[in-house]
């Protein structure tokens, strides 16, 4: 009997020890290291990073974009003493913040030191507001990156565009209000916004004052009369309602959507991540037309969202993280071999990096008045209301 | 005086190893399955960080009824997020349960009770769909039946070969969900019902024959009622699994905007409505308990189904006469289509570059052994067999499967031992039902519960760890092991152990040298089932892995979700082949097999 | 009323021959036992007659009607053979009450509710199980289950009743009791009983005729006392009777017709048969029932007591004579110390000669020592 009690007590003690190990340390150290890193040169950071690595640290970085894996390889090639110390882990967009929120500061082995994440509003809610990750931006790029993309640092922009199957000819999409017509029912493909944060963010952005105005203007241009309704709060809400009623959710991934529309019926239109065109087999690539490269669309011809880099509060290698972020923001990192810039649909916030000529794409600036841009602050404030409006429409 | 008596009684109580085991298991199960449930319940009443906090303007962790008020009273929100998905889940769960039992039960009857041909082949292959992750069957379904008239207008196999276009309800939505889930679980029905039919005393049916009951009357009045407990527990299983199936509805439902409770649960949790998500999880569990209660109420205690095993060797097989050949061929065609064809299609899909083009020129082994740096096009650096991430994920999955099997198999055996030795005592009943409880918890809900636990203060050290996966899988897969443990221990008479006790053999030695060897094959089967379950499980792990490529199945799911279909097919094939290999090897080496773990 | 006949019935399971070319005539209202060691084919024979098993070859006629004929492809299903079958483990349906179990067969005959009620009540009374009507089988004792099973079998008043070791699951006392009941039932119901057992005592006490089988081959088919007194061969002689018959090796010395001189226990003895002895010369075995081997002070055969087994009314004495173990039964209770000298005689006219090898019975008669 005594032995059993002793055993039980031992189990309890072990348990308590585990719990005790959970608290993190040196958070202020990370913040001050990051502040110090801002003004350092890459060479100085490399020295610091080598020290960190020598002390046993490794950089686990979590990302939702697969290009990051290649970027890490290139980074380690550029800084050979860090070879094997940068570990990429892919996470699912939907679970990004649940996972980060729970691993950072938990003392879990291989928890994230750095994260490349989408959805600025959630990043603020779950990470920055809670002090789980810190933003970092190097002084060296302060002049070439617009200030709004510095805190937190944006490492790339990604756009989703209206793209259609041209095998039945031009679909003649010139105004987004066309997509609310019954004729488009089941022919517009879009990933379920309740499962895809960037899609819901785009719809939320439409309800912003600026876009409410622009949607009303597009309405007037299309129907020839100013927008008015008792039923809807604004033109944007009406558009969202009728657009979602027409949407077909057959494809659960952007790659499938790109491939599926390319090999599917003529006249089908998708609003999906532009860069996924690279997944389409060459034989089918010609079946797809990007609406914007064909004609202007009244309203918008897609939307643009940001990928942010932030550093975990409990990282053991803040300088390595800083160096990696510097790398991603620079020419080498963003435009290196097989990295973001080699595909259409990725844009660097660093204005000194241009899109390669051979790609059928334009620079970030070209898109500035043609797409719906993410405003993390607006989404942060309005998320819940609009989400619920949209969620009930997806399920109906 | 009293105290002394009590201490004597305690001493007597704990002098039996089976009692010590029961107390330990009771404690462990309470901590690992009841406490998490309580944590989840408390989460149904609290405000979470993020959306809820913003929406309710209350501090994190404060008490609220809001989640219930939003989810239950009829409103546009609750209809879309709860009531309609609830209805769909019911349709899927009941439909799959009934269909799964019909398919599995029919095949079981033909195999055990008729003179059908090709029995060996059919029964060997019929269980394949159970070894594949369920959603890969859904993908197979879509690949075969998609056509130019539905969805995105992409041509599937059936249309490209025969020009046949199936209507939308056939390709997407509740109908295929029911079919796919039923197909996936019908082997289970087959093994459970077949086991009973095989062991059932044939004279029960023969005596009815002599009393002039017709064949169908015998099936209806004699066979069915006797097989009923197996049917009901199979139904319970398929119902819970169908109700909580997440992966199948994701692929088959979104095209026609058909959502089920589990897809909504995940969407709500991801959108920041954790409270409502947990309520949905709780509803699934409560339903499982309700059906279990119903099951026990229906079968009742009076009609004991323990039948004296008769001369079952003398079962006279029903002569199918002229129908034999057509029926046998039909069944062969069935297993070929649903068990072999998916494997062939996975193999094919994994070697073609451009989907839908099965020309030899379009084939490549790149997705298996390619080395070109084509991350640009395919998202992965190389073919899966050369990819270190894949090998690591595979290694983790196999390791997880083995560790879980060790834990679950051993616990199952010990639970079986102690419950059988103390049969009838309250303690043993508690342990038995608590070990069964995780069976009722849908995998997704179970993952959600542990997510809630691992993300609550004091337990964060668990989150994203391998240990957590071991823990969760061990609890989730315990019910079958404990059941097979109890069944196998029931077959050993206590005298056998007592004979060793008399000559002073210590307890552990009795277990290792006597109990285990006697029931070797059935105990090993108890170890094998968790291996297979872990090898193809995804819903349980998807919320708990630190990142998608951590395990092979979560990696596969993310491949399929993000459209790396060739990699996905390759990994699916790999998983199925590994499972078949493990099963065959174990069977050859030890005589144990996974169907024995279930059937019995 | 039915007469059952089996002609050239053979049943093979793969290569294994379970029943080999069996001919059997079962008279109306007989109580026939199929007796034999386990695996001898008796249950298979029973099941073939009932239609539960299909013979490989041969013909079965039931009540003048051919129910099975391998050559003509006739195979009437069991339901159409108008039989009752009582299974070894009773085969009571666990999910039905006693009443439902008994009524099931009558329902199949489309009886009206009242008639069923009446008939079931009758049977419940006949078998004294009125109190258990609403119980499930698992709530009954073995004997009660047995009675329910009998009631269920009797309910449709079958003309032939087949029973497959129905008493083997009961304890000794209950078995005794049920035997009495069965015999009584046989005369009450006026039907033909075919009964499978491996217990020779059961066969002896119950049946009008015993069909003894071994390895699928019919050994002897005769009334019990004939089987006991005039066994067809050594196997039958050994199987029937308790304690078992004594077998003593012997040689022919001379003789012909009904007379013979044998060498037995090293001395020459004269054997007088009831009829002509089937064969003379060579080795043979003499079979002596224990009751023909009295222990007497003036006994000619000398041996020593090996062990004594008194059971009150009688005592079984085992003695060693010339290395052969002999069994004798003595009335009353006696006790011989181990290794005490014993003298025995051989008396009676039921001494049997079996030829060797083969063990065929060649004569029955008396020995003069």
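Just so it is clear, A, B and C label the chains in written order, and each chain counts residues from 1 on its own.
Definition applied: a contact is a pair of C-beta atoms (placed from the backbone, for glycine too) under 8 Å apart; a residue touches a chain by one contact, two chains touch by 3 or more.
The structure presented is a predicted model; accordingly, all values stated were derived computationally and were not measured.
Engineer: Relative to chain B, which chain has the most distant C-alpha mean position?
Structural biologist: It is C.
Engineer: Taking the mean of each chain's Cα atoms, which chain ends up nearest the overall Cα mean?
Structural biologist: B
Engineer: How many angstrom between the C-alpha centroids of chain B and chain A?
Structural biologist: 35
Engineer: Averaged over CA atoms, how far is the centre of chain B from the centre of chain C? Could you give it in whole Å?
Structural biologist: Taking the average C-alpha coordinate of chain B and of chain C, the gap between them is 54 Å.
Engineer: Could you tell me the distance, in whole angstrom, between the mean C-alpha positions of chain A and chain C?
Structural biologist: Centres of chain A and chain C (C-alpha means) sit 89 Å apart.
Engineer: Which residue numbers or ranges of chain C touch two or more of the other chains?
Structural biologist: None at all.
Engineer: Taking the complex as given, what residues does chain A use to touch chain B?
Structural biologist: Of all residues in chain A, those touching chain B are 1, 4, 8, 18-19, 21-22, 62, 66-67, 69-70, 89-92, 94-95, 97-99, 101-103, 105-111, 122, 125-126, 130, 189, 192, 194-195, 197, 200, 248-261, 263-265, 268, 276, 278-279, 281, 283-284, 338, 342-343, 383-384, 387-388, 391-392, 394-396.
Engineer: Which of the residues in chain C come into contact with chain B in the complex?
Structural biologist: Residues in contact with chain B: 43, 47, 50, 52-54, 77-80, 83-85, 87-89, 91, 93-95, 104-105, 108-109, 136-139, 152-153, 155-156, 169.
Engineer: Which of the residues in chain B come into contact with chain A in the complex?
Structural biologist: 10-11, 14, 20, 23, 27, 49-51, 54-55, 76-77, 79-81, 84-85, 148, 151-155, 172, 250-251, 254-255, 257, 259, 264, 266-267, 269-272, 353-357, 373, 375-381, 451, 454-455, 458-461, 463-465, 542-543, 546-550, 558, 561-565
Engineer: If you look only at chain B, which of its residues touch chain C in the complex?
Structural biologist: Listed in rising order, the residues are 201, 203-204, 206-214, 217, 221-222, 225-226, 228, 302-308, 310-311, 314, 316.
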